[in-house]
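Quick heads-up: structures coming right below.
The same subunit A turns up in both complexes below, where it pairs with subunit B and then with subunit C.
The block that comes next holds the complex of A and B.
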């Protein structure tokens, strides 16, 4: 009996490994979990949906603390060429075409629920974690830049030059594409993104981070209470980043 | 009328000269790739605003022309146009060579070309790019089988027709896939249009036949074999129809956009105040790539010469490059809207037309891809029996 049971188990294992091979062929996103190809993917909590609420009314046009903090935290300092240097987060000025009202606010990866970058990536290097954070697997990115063509927010950068002194928690690679990780290394350790901290540190508190799935979280309550908008709402991408007081 | 005899071309002095020149261009391409790999893409003109540059213009032109170059073989074996049967082998070889040249440029421009194996083994099937990898490799395999069938003794015509039909359908899928690389980009106002797929198919008919006419003429000149004017004129007439088809789809694309107020900005950019892009659109694509070649071919006297078809082919190739440049670079240079109803400005060039100046590594890479395609075609003509010894009109049954 035991031997038969053992044989059954090994057959089951065999089938399981066959399914793994099939998923390796059919669904690269799945294999990232299955083979631990990305620790970041495995660390995600499927019950959460991380997001940001950016209050443009509180954002100071002259302040770029969030940009500096992101650069320091993730080590994407440039080479003095704004056209080719990486820019994970930037400050933009929006001007209402009808009223002329101007608003300043930061723009970064919007961590879409339906990310075009993930759809178009030929190798599945662009992927969305179960908790909504959109990342690039630096081991499978071939540097085709199709995701940059597809992103409506210009949120992604291509690493145009050799890299030195990388941060161990934010690996980068020449010839690959990168973008805001929502400071996934901090989030997985129970912290908040560097930009959120820096904005609060500068006395503005214009960026709120939290779990959009938790109705009791501060971000969910604020979203329920006050009007907010997503960028390019016409595309229906379900971004994790929303803006208030535009 | 003699029996059609296919023979390898001889390695004469002029053949060697052309081969050495093409080899030099390929060596320059490899040097450029090593240079960019070492220093990063910062040494090219491509930026985080214009992420696809001149290499992609060359690659897309070659890939689009590749599927069109197969049309000559399709006309022979799928549509039973017997006049084109002697040209079918060259048609298949040229299609494979152009595709190889285009793919080489595309792959060598990757940020990580060393990860080609990743691209060939790890697929995301929601990506049209991933589908294209399969469509391209499938095309190469299918056309190789098609060529083998054409060159095999005693192969039943029915079998050749079946393989030819499959290859024809495959090439339509392939060009649909290439057009959809742009058509399915929802973010950018210059793309996001289903018409990209049929437009690219029309472009492939036109570019592919133009390249075929030029390569055929050059090979027969080099090999010193007779090539009838009637045959070339006949292909020229077809080229005029294809060039008109490209103009038609282009007109529909822009008229549809003009009707929607949301596209007014992009249309104004391409059609009236886009600087180099407007010049390339009207002067390059419409005039040189469309109206002039059509006028040449239908000219009452000049149109009755083979040189009219050849000159028209040169125009279609030049206009084709201009068209792909406008689509690829112009589509990226025009800024994206971040929020409808708002203008946007930033230190990252939001809201502004992006500048793009191609640099020499990009040009060398692109030209290397063209050289690879031409050298591969010439090499095939040297080692395989793909070119008939006599394509005079008397021998191919042309009416002149």
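The block that comes next holds the complex of A and C.
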């Protein structure tokens, strides 16, 4: 991939302009050198692995703050047709038939390390970023919906209707497949997903977001300390989303 | 002398009227706000698609959001207001993108997924009608199928 230069600059002009390297002398003998170019600021860092830890014990069965926060943040409001409307995150209730105990929890894209949706995509539209976030590139999505069939978590939705008033950070359109992006636009800006914020705002703090690769992150410490599980561990998908107190 | 001058005058007159025709048919490119492109308008007119295609992959695949060319960035300066002062959507012929693309007979698909106005300025339903079906028609279609099957 070649980057198209804004203007025709000769090598000499470029070096003369000082755009290539900015340097500052901090102290005698110590020089800070910053290289130009946006590549160095790329946010999808291969050293990171973003994930969520959802504590089903703290999740309130009557609360759906995470779902409505996601809907508002990403603009996937329904068309009044529950059979086909997009659903990036849903509240799921599990019932233990022996004891009658019910567990409520949100289920969204599990951001697998080995995502089946990426395996089956015929165009390469379904992909995993270097930092483990699984996304759909709608520029190449042809709407075949193989990924929807491949996903064991029913995380993906197909857009049936023409759409207006999308959020500029979450483009979505008729004929393409979509799912939870882990609020990638917020994560790239150093923030946390909308569902995590909403859950904390509702006073439950059932969802924890962080870098699974960083042993000092809160999420890694909690995972090391308390038992947790991935959904359908038999599939060996290495999800970034894990559940506690299921 | 007249024999020589007359064809010359006629040619000039014809040339001028041709130039006038061209200018009236030429796309009426809306004025932008903000600082002009450092690379010049001609460069952007020719290369904006390659730049946006290149930079969208940087954002989408690598998470690089400090990019030069994005649709959202375009609308910082290139928005058009209609007679009533409302910002027009892609449904209007006056939309910045359409002013040239209609002239060049190139249909752009960008606005099937991307909004054609800055955040906070609502798009109307005419915008959805551009794709041939209005929102909600799917229900009518499914109903029709159901009736046909019975």
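Definition applied: the second predicted complex is superposed on the first by the 201 of 246 C-alpha atoms of A that agree within 3 Å, B and C clash if a C-alpha of one lies under 4 Å from a C-alpha of the other, contacts with A are read in each partner's own complex, and residues count from 1 in each chain.
We take it that contacts are C-beta pairs under 8 Å (C-beta built on N, C-alpha and C of every residue); 3 or more make two chains touch, one makes a residue touch a chain.
Here the structure is a predicted model, which means the values were calculated and not measured.
Once the two complexes are overlaid on the shared chain, A:150 sits against subunit B while remaining clear of subunit C.
By the touch criterion stated above, A:246 is placed in contact with subunit B alone, subunit C being left untouched.
With both structures placed on the common chain, the touch criterion links A:221 to neither subunit B nor subunit C.
Of the two partner chains placed by the overlay, only subunit C lies in contact with A:167; subunit B stays clear of it.
Once chain A of one complex is fitted onto chain A of the other, the partner contacts of A:84 extend to both subunit B and subunit C. Once the two complexes are overlaid on the shared chain, A:176 sits against subunit B and subunit C alike. Using the contact criterion defined above for the overlaid structures, shared-chain residue A:231 touches subunit B, although it does not reach subunit C. Among subunit B and subunit C, the chain that touches a larger number of residues in subunit A is B.
When the two complexes are overlaid on their common chain A, residue A:131 makes contact with subunit C while staying clear of subunit B. Residue overlap on subunit A between its contacts with subunit B in one complex and with subunit C in the other: 79, 81, 84, 160-162, 173-176. The touching residues of subunit A, counted against subunit C in their complex, run 1, 3-4, 6-7, 38-39, 41-44, 79-81, 84, 127, 129-131, 135, 137-139, 160-168, 171-176, 184-185, 187-189. Residues 38-40, 43, 47, 50-51, 54, 56-58, 60-68, 71-72, 112-115, 118-119, 122-125, 127-131, 133-139 of subunit C are the ones touching subunit A in the complex. If you check the complex, the residues on subunit A that touch subunit B are 25-29, 79, 81-87, 90-98, 107, 116, 118-124, 140-146, 148-154, 156-162, 173-177, 229, 231-235, 246.
Residues 37, 39-42, 47-49, 51-52, 110-113, 115-116, 118-119, 122-130, 133, 181, 184-188, 332, 336-350, 355 of subunit B touch subunit A in their complex.
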